[in-house]
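Attaching a single structure in structure tokens format; questions to follow.
Chain nomenclature is as follows: A, B and C, assigned in order of appearance, with residue numbering initiated at 1 for each chain independently.
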Amino acid sequence: MEILQKISDSLLALKTKKPLVHHITNYVTVNDCANITLAIGASPVMADDIEEVEEMVSFAAALVLNIGTLNSRSIESMVAVGKKAKEKGIPIIFDPVGVGATTLRTATAKRIIQEVCPSVIRGNMSEMKIIAGVAADIKGVDSVADEVDGEEVARQLSQKLGCVIAITGKQDIIAHGKQLCRINNGHAILSQVTGTGCMATSLIACYCGATDDWFTGAVAGVMTMGLAGELAQQSLQAGEGIGTFRVRLFDAVWSLTPEVIRKGGRITNG
Amino acid sequence: MEILQKISDSLLALKTKKPLVHHITNYVTVNDCANITLAIGASPVMADDIEEVEEMVSFAAALVLNIGTLNSRSIESMVAVGKKAKEKGIPIIFDPVGVGATTLRTATAKRIIQEVCPSVIRGNMSEMKIIAGVAADIKGVDSVADEVDGEEVARQLSQKLGCVIAITGKQDIIAHGKQLCRINNGHAILSQVTGTGCMATSLIACYCGATDDWFTGAVAGVMTMGLAGELAQQSLQAGEGIGTFRVRLFDAVWSLTPEVIRKGGRITNG
Amino acid sequence: MEILQKISDSLLALKTKKPLVHHITNYVTVNDCANITLAIGASPVMADDIEEVEEMVSFAAALVLNIGTLNSRSIESMVAVGKKAKEKGIPIIFDPVGVGATTLRTATAKRIIQEVCPSVIRGNMSEMKIIAGVAADIKGVDSVADEVDGEEVARQLSQKLGCVIAITGKQDIIAHGKQLCRINNGHAILSQVTGTGCMATSLIACYCGATDDWFTGAVAGVMTMGLAGELAQQSLQAGEGIGTFRVRLFDAVWSLTPEVIRKGGRITNG
């Protein structure tokens, strides 16, 4: 089946199942993550206290771990809830925000990869090169961090870690084992709003909570954010700017249909 | 006096007194709670450190306790600040977000009810049934949690706990002792924005901070959110969606007048 | 050179350098601070864990310390990161939110002033009078807190603390040593949105991260918020309110150009 068709089917499954997505995320963009989860048709829950995260995730269909504003308290909760989610078999979407910038972030990413084994990792190219180094360190193999080709980084990292790798940027690359595709949706203005990366991660979790095909879920989440960005940008009139763009981004995600996906999705294989 | 007239009077009192509302709330919707408090004409302050909450609440006209993202640190602050507010005699509005989902939430709700005695408790029907169980447990009496009739749950719970009970849903039910009313305002789209429940709780606190009639304050807060939701929904044009709706919700609360209340309020007694 | 010309030059420098602004701020308005930083053309990073703040600030061009929702954990991080920023020589912008309301806030402001020596302090008149008392206490000199003249408070405080003082209100006063100016931009509606003070502080940091002239940076940040408030207010149509105003505020900051500054800036010297 063609990828746009698979994404459309995932969207319909999402709207029917309304998966509960448990987030431990940063306090900067948490409201946006909750609202984008609702806009696409899923249901968010945010809980991070170590005393309740394992119970809370037992109701969830997917888990987001985002280290944007990590601290010693939330790191322990992330590891605990991640193990529980793994045990339960639900998808774990990991967003290693700012990995490489500090020792704490890199060490936390390493710990989450080792102890939790995420199902999907989403980051930009520079974050993913750090993740490649972390993976090499864990697996005792050569790092692909020096690779200039994003496709090769994604492919090898996916094979090493046995998970879906989503590298977002001007062109997004999603890889899982031998599957790989490139997404050409998106617009540069997206980088002028905080949290569009975090929201893409939440959207991946929404889709993955509604389908067993996590590769398609990752493609769908990333494409949804890119396409919504394009539509929001196109809607801007003279005098309107980034505040209005941000509002329309939520409008566009909320209005997404299989027709919009088929018409606007720009994805190429391999 | 008729209830819509009482609500109108409370709104005018609120706009004159500009009550300061101290919140300990969750980090997901805290910005929305602060903005809705300002939009209606009151003044928000958020402070949660145990070393300062008792001093801070001494300036406040009302207190919100919301357990949406509770943790061991904030729970202790909630109990301490709640006791101080009680001592001072200002209204305490409790929002038991997600009670029943985890042991920690249920235990915390029990502790707040026992040690703080909230003036108003607002939640949805499933949360309120858990609160009914908690209340029965505290008071050593039969639970009404098996009641299918919301009116009976609200009435008995109010009498047992000696506080105002606000159950929000398709139709909202507010009870205090022998007083009870049903609010028919609202729109299903409100559930597609995060924090509309939290904001209703903040609005209740704004009104209760300006009047001694906390039953009217609770009715006013819930009705304000419902009516604003209707007005925001009606304003949507083709192509506009949930992001625009959320913006207009704040516009509508900010524009609320006695005239709008009299024209749009749909409340039935008993 | 004329002040509006200097502000215009700073804006162009900011858009070229895209300074990274490290924030330790409150969880109420943190998303707005991140978005306003992006809107003006800079880049935000929020990190508050003691284990990573010193490493993170090493990449930054400016630091914001905002005590809006301080706690024992974040206070230690603020002091540690502030010392590191000082060592590095980057500007530190301090926003003593609510100082004077609680012992903890006043003690924390004192500690930050003593141990970190901020480059710019921004607050409203009542906060600045408390800061004047704190400064007198530290320096063992007479307090200017009883001064009724804002200009005198700003001037003396700046000289005592050796930093830029920005007092925001109906008319804003910025002082640094012998330099002083008054800004007549702004609109009362700005006080009906949470975080406009915090965002002004973030904007100061964005400008100061791009210029060595921190007096101009402070004037530029405060003027940008005031002018954006005017433009957003003027754009409101019948039926639009505070939610729409808030969206347009970001539109206006994002659209700011030297032409808009020259046309709309209303600044008087001395």
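In the analysis below, a contact is a pair of C-beta atoms (placed from the backbone, for glycine too) under 8 Å apart; a residue touches a chain by one contact, two chains touch by 3 or more.
Computed from a predicted model, the values in this text were never measured in an experiment.
After Cα superposition, the angle needed to carry chain A onto chain C is 120 degrees, rounded to a multiple of 5. Of all residue numbers that take part in the contact between chain A and chain B, under half occur on both sides, making this a different-residue interface.
Taking each chain's centre as the mean of its C-alpha atoms, chain A lies 34 Å from chain B.
Residue positions 27, 31, 246-247 of chain A each touch two or more of the other chains.
Residues 27, 30-31, 34-35, 38-39, 44-49, 51-52, 55-56, 59, 73, 235, 246-252, 254-255 of chain C are the ones touching chain A in the complex. Residues 26-29, 31-32, 68-72, 98, 101-105, 192-195, 239-244, 246-247 of chain C are the ones touching chain B in the complex.
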